[in-house]
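A, B, C, D, E and F label the chains in the order they appear, each numbered from 1.
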């Protein structure tokens, strides 16, 4: 039986404006496992049933080594048992080292990247590892065969040049009513920056950008994926900006919906 | 002239995770009658005009008797003058005794049940009166001729068996874009659990379930009802989880829109 | 090159229920110029590039004169260089004196008025300058050739009489799914009351009215305008009711999107 | 046996900056009677025991008459059974009509007035009934034999002149460490403006003035009163400024501590 | 070198009003280890230096056994290496099984119990394991030689009888200005219910009781202990009631100050 | 007549964990000048009377030059008219360049530094301009004759070495009950980091450190100064962490109390 692997990534050292996402993993887990909620995805998979979740704990960063190596190794270990993996927390910079290991195991993936920002700066504040730059690295290194960005609404002219350079499929928030129909062939990786959602749904992010997707729309995107999802990250949850814990609850819900699609690869309509 | 009866139901003794909804009635009333807002429904009925609202106060629970009896009797008394009734507050468990009295007066009603959860457990935590179980009781006892649930997104496998058993029309949140067109024949009862709304619109609920209906969608559902609405409950407002009083304002708005449809039974489009 | 003029209007003396909007201008500016965000509108105009914004500061009210005269003179001065103007803050009462000067420069404009309330009372609490009355004054004086109100959901019977009297095009919130297509001919003025948005998106307003437009919908309305926008106001932001500064961020985002359309008068689709 | 009379005063029409205190009475009651808390005062009186509280409901203002008359009559009726009375809610303006009836029954009382502001303006914004002026009226009319103000920290020069004129004993917040020892002879009336507390303890007030008393200090003042307390008001709770309902809880606690001293007139030390 | 053992106790199944404290452990850890703060106690012990903290993770409750046994065994294992232990989270009910194991290792301890409530009910809502009853069990079973309760301010008459029966030293909040000087002889155990603090300092508790200790006073109590501290619990943090994460920060601070006293048993004045 | 000069310093580029204090100046001004409050200090000086405040606006940082030079020059210009100066906002790093200009005008001053942290690191994260290091620079350069730090409660061992090196008078929070009596001879400069206050009073800071001073205690410290105060800064207000705007109100109150002491150099007791 397919299980769902989880791995926390408590790292926010490349955030440009404020830190906080390093504190996200335990808070998302607290909501995910709380008695307050049921464990079923909308597609009918009970993720909290015995043995479904394989929790690999958090990446440890305290040994003084390069954190990028630590993330790569921990992701590689978490992928080892062969189950799909969702990483919890961290800022968006962590997607680069995660993809290094995902690529090693699965080859170039199609990335569904939900975000307000393209995160394609060649470097930001002279930092090539910036949380504003991971997809420049990922595309340069050929870690993805396809990059589909959905929900964009804070695009710098530099980004538009990168769209061309890397062949990015950029779907702006203003073109999301109704949502575009996406088709994927090979293995899919979801990179979910919570600021892709509207701040009314997910206020707990470092850079709130009004005009985003609703939680419903993000779930609809997830449930529409018609190819195996091998990995996902849920990043940029910043508890220091949250209102009454709302965003942790949203993150946990999205873990359940992505996990439900991973464990049960049939499209959502089959579950009703 | 048709009036609108109100009755507070300050009871949350069957909540499974946290209490608070017992405190809702006065807070909803405070928003409903505040000088901050006008009294007109969107369909053009001024609910705050003299003599429109007949407020029956709150059910009293201090006499040591069975609270279910107290609710039944108070609802029966509030229905006595023949006007439609909206009950304010309480957890969802209270819908069962309310329906007992509604059924006695109006016979089996069609229920439009807006909620994130089906609330159809045979029992929850061994409690058959649990706020997770009222519709199992209601359907067993034949208090409703039809149960239409809208906005569901936390469905346990046990619920799906109950859907079959009771012939429930379950419309999940993921099938609400666009909203389904509903048709009702006989008298309609609305059971409105505020967690049917998305937590961005109604954060003040014990069990936030992201991905829900917008306030606008709930109003649209209400305004689309083409049959007499004889009763309604607005339940599960938990002020202890609210953010800046937002959910009390939403509850009061929904009282006005349901009340507007009750007092003026013409469909909404006729009012514009 | 077209620039964007800004002017703060820190005045809330005609608010009927609570004050606060006088404090809005510096808070909107803080969000607009914060390093936390980029400066590009979704239509590709970088408003924070050198020389694009011409900030005229705030209207000064401390000289003891009539504040309406102060607003008129300051708006006239801010319009003098010939650039489009967005005023920041204040309650909705300030739109009347602003329009006096806009009319003097541009003649009768078409007003796109986004709001939960028509603000057409002949007077409110005996105050003809009330924030519930500016459009009665504006239409009486012929300052606008057309008044299109979008997002209405708190309409008093008196308002419906005023709709007739002034030929107002009233588009209620319940008729905004999907949004109506608007066509404008002459110069357009946008009067944006933040309570036109749903309180989930903009909680920081004196009179929260659930069931409103999403931020996305308001941006879509703005980007759909196919005529020159000569002026705009963003009013009724009340920081004393806000949650975690969310509404200031929304206001700043809307400045960017309106400004983007003003500076680059091509419709939004041309920018992608 | 002495009982405790309660009366809600939902009136805020004389507030100078923002309204909201009219909504306070039901919210304070919700906290007072919530199952979340016990009913015992610190001095050992169980206020929630059967028959201790005699709730006279709220003053009704809907008959179009002078609200001051309505308050006077309702207070007179609530005092009629001969028990001490605590009024809940309203802005500070209501203390004047309350004292009219208190004076009629008890003659001139000693007032312990806890507040950040002296509320002694002859008139404010030309309104002699302003919430900034009640004690000017009370002292002019000789309704009190003594006025002791504690916690003051926003004193206008006009107030200092009034201190002289009326012989006010003004104890500023900066002279409250340690608290002064107060001695009262005749019947005492407590007028408790919640902004006398520090905003960290009571954020839900229209005019937050940092540097105030702690809740502990206010309780200590109450428990130190060595004369019969015949009446009290708890005013200026503004739910629209509150944070997570904190101030309603504080108000309910203070009802219990004042009520405990009223019902059990022995000084607090006797209860331990 | 003395280390500090930590153990999370995610259990709130005996809470009477609302659940939530089961979610506390990861949130307290997130604050304790955040880069936002330094790791030094005020007494000069750097708890975040390598090897000082020995984290035993959380008690696991998923095996279907009696949770009380699970707590006892986990505490026994955490005490095994011989270091003092602080448990994180849970409601106050967990103190009973914790003390079972503490007693087995250290014999009867002196308990410094900081709380708004005595938690001495023989049973509450018929539950002898209620979070309102642990100290009845502990004293009956002779697990403590002495019980000193500080900060009490919600005392039921039943509690006063239990004070007598068990020889409790009850120090009420109203007798804490100034704080009493405490003297301990044998090993000390601190049971720290966060509702002992004033809600202004620690709003994130299920039962807010205004008039409590300041964070400063609690730290002063901790630093005044002149005997070895062998164990401590920090209970009743309920993240669902918190405001902006304030209470998690307070809990982490108190871990540091208790830990600083445990690791460095010299009284605080020696560290300055 | 002495006036009070104000200058905003919107800079937070040297913050180690999160940005935000750059946005503080307009928010503090909004509270300072709001109609919600009076303008009198507790010592009887009306700061909002005509001509008392001389507002020099904000330091401009947009010219690409060294921001430290910009601050120095702007402070020098603001000191030019000879009035005492309070700077508003920024992180604590800005105190160094401010003191450069204060020293140039007034020579070495006595600094009363209120803070949770000593801010004496030689460098932090390799940044000698860090907001954790300004007082290392100030003392090295001899800009102060005396450094009195009050409210400390997060002291690293490195700091204790710096205390010795620079002869710092370090008064920890645990030694502030009661407050120490301070005596100053020459001109005094107040450097007020809002995290010196307890987070219950000032939650809007980047690094909340529970156990701090109350607002009352900080005012008492200010009012106890018996020497001329020539300058002050109010730093580290981070609106992104604030709760309901509480900290902006506290900052504005402290401007009034410091300003009251500056303009009226007599000690506070003389004003009563």
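Everything below uses one rule, namely that a residue touches a chain if its C-beta (ideal position, glycine included) is under 8 Å from a C-beta of that chain, and two chains touch if they have at least 3 such contacts.
Note that the structure is a prediction, hence the values are computed from the model and not measured.
Listed by label, the chains touching chain B and chain D alike are C, E.
Relative to chain C, the chain whose mean Cα position lies farthest away is E. Between chain A and chain B, two chains of identical sequence, the interface residue sets overlap only in part, with shared numbers making up under half of the total. Among the other chains, B has the CA centre that is most remote from the centre of chain F.
Computed centre separation for the pair chain D/chain E is 37 angstrom, with centres defined by C-alpha atoms. The geometric centre of chain A is 54 Å away from that of chain D, both derived from CA atoms.
Counting partner chains per residue, chain C shows two or more touched chains at residues 17-19, 35-36, 198, 200, 214, 240-241, 243.
Under the stated contact rule, the graph of chain-to-chain touches falls outside the line, ring, star and complete shapes.
Pairwise chain contacts present here: A-B, A-C, A-E, A-F, B-C, B-D, B-E, C-D, C-F, D-E, D-F, E-F [touch as defined]. Remark: chain A residues 17-20, 240-241 touch chain F in the complex. Partner chain C is touched in their complex by these residues of chain F: 19, 22-23, 26-27, 29-31, 34-36, 239-240, 242, 245.
Listed in rising order, the residues of chain C touching chain A in the complex are 35-38, 40, 42, 44, 46, 198, 200-201, 214-216, 219-220, 223, 243-244, 246, 249-250, 253-254, 257, 268, 272. Residues of chain F touching chain E in their complex: 17-18, 117, 153-157, 160, 172-175, 177, 198-200, 203, 206-212, 214, 241, 243.
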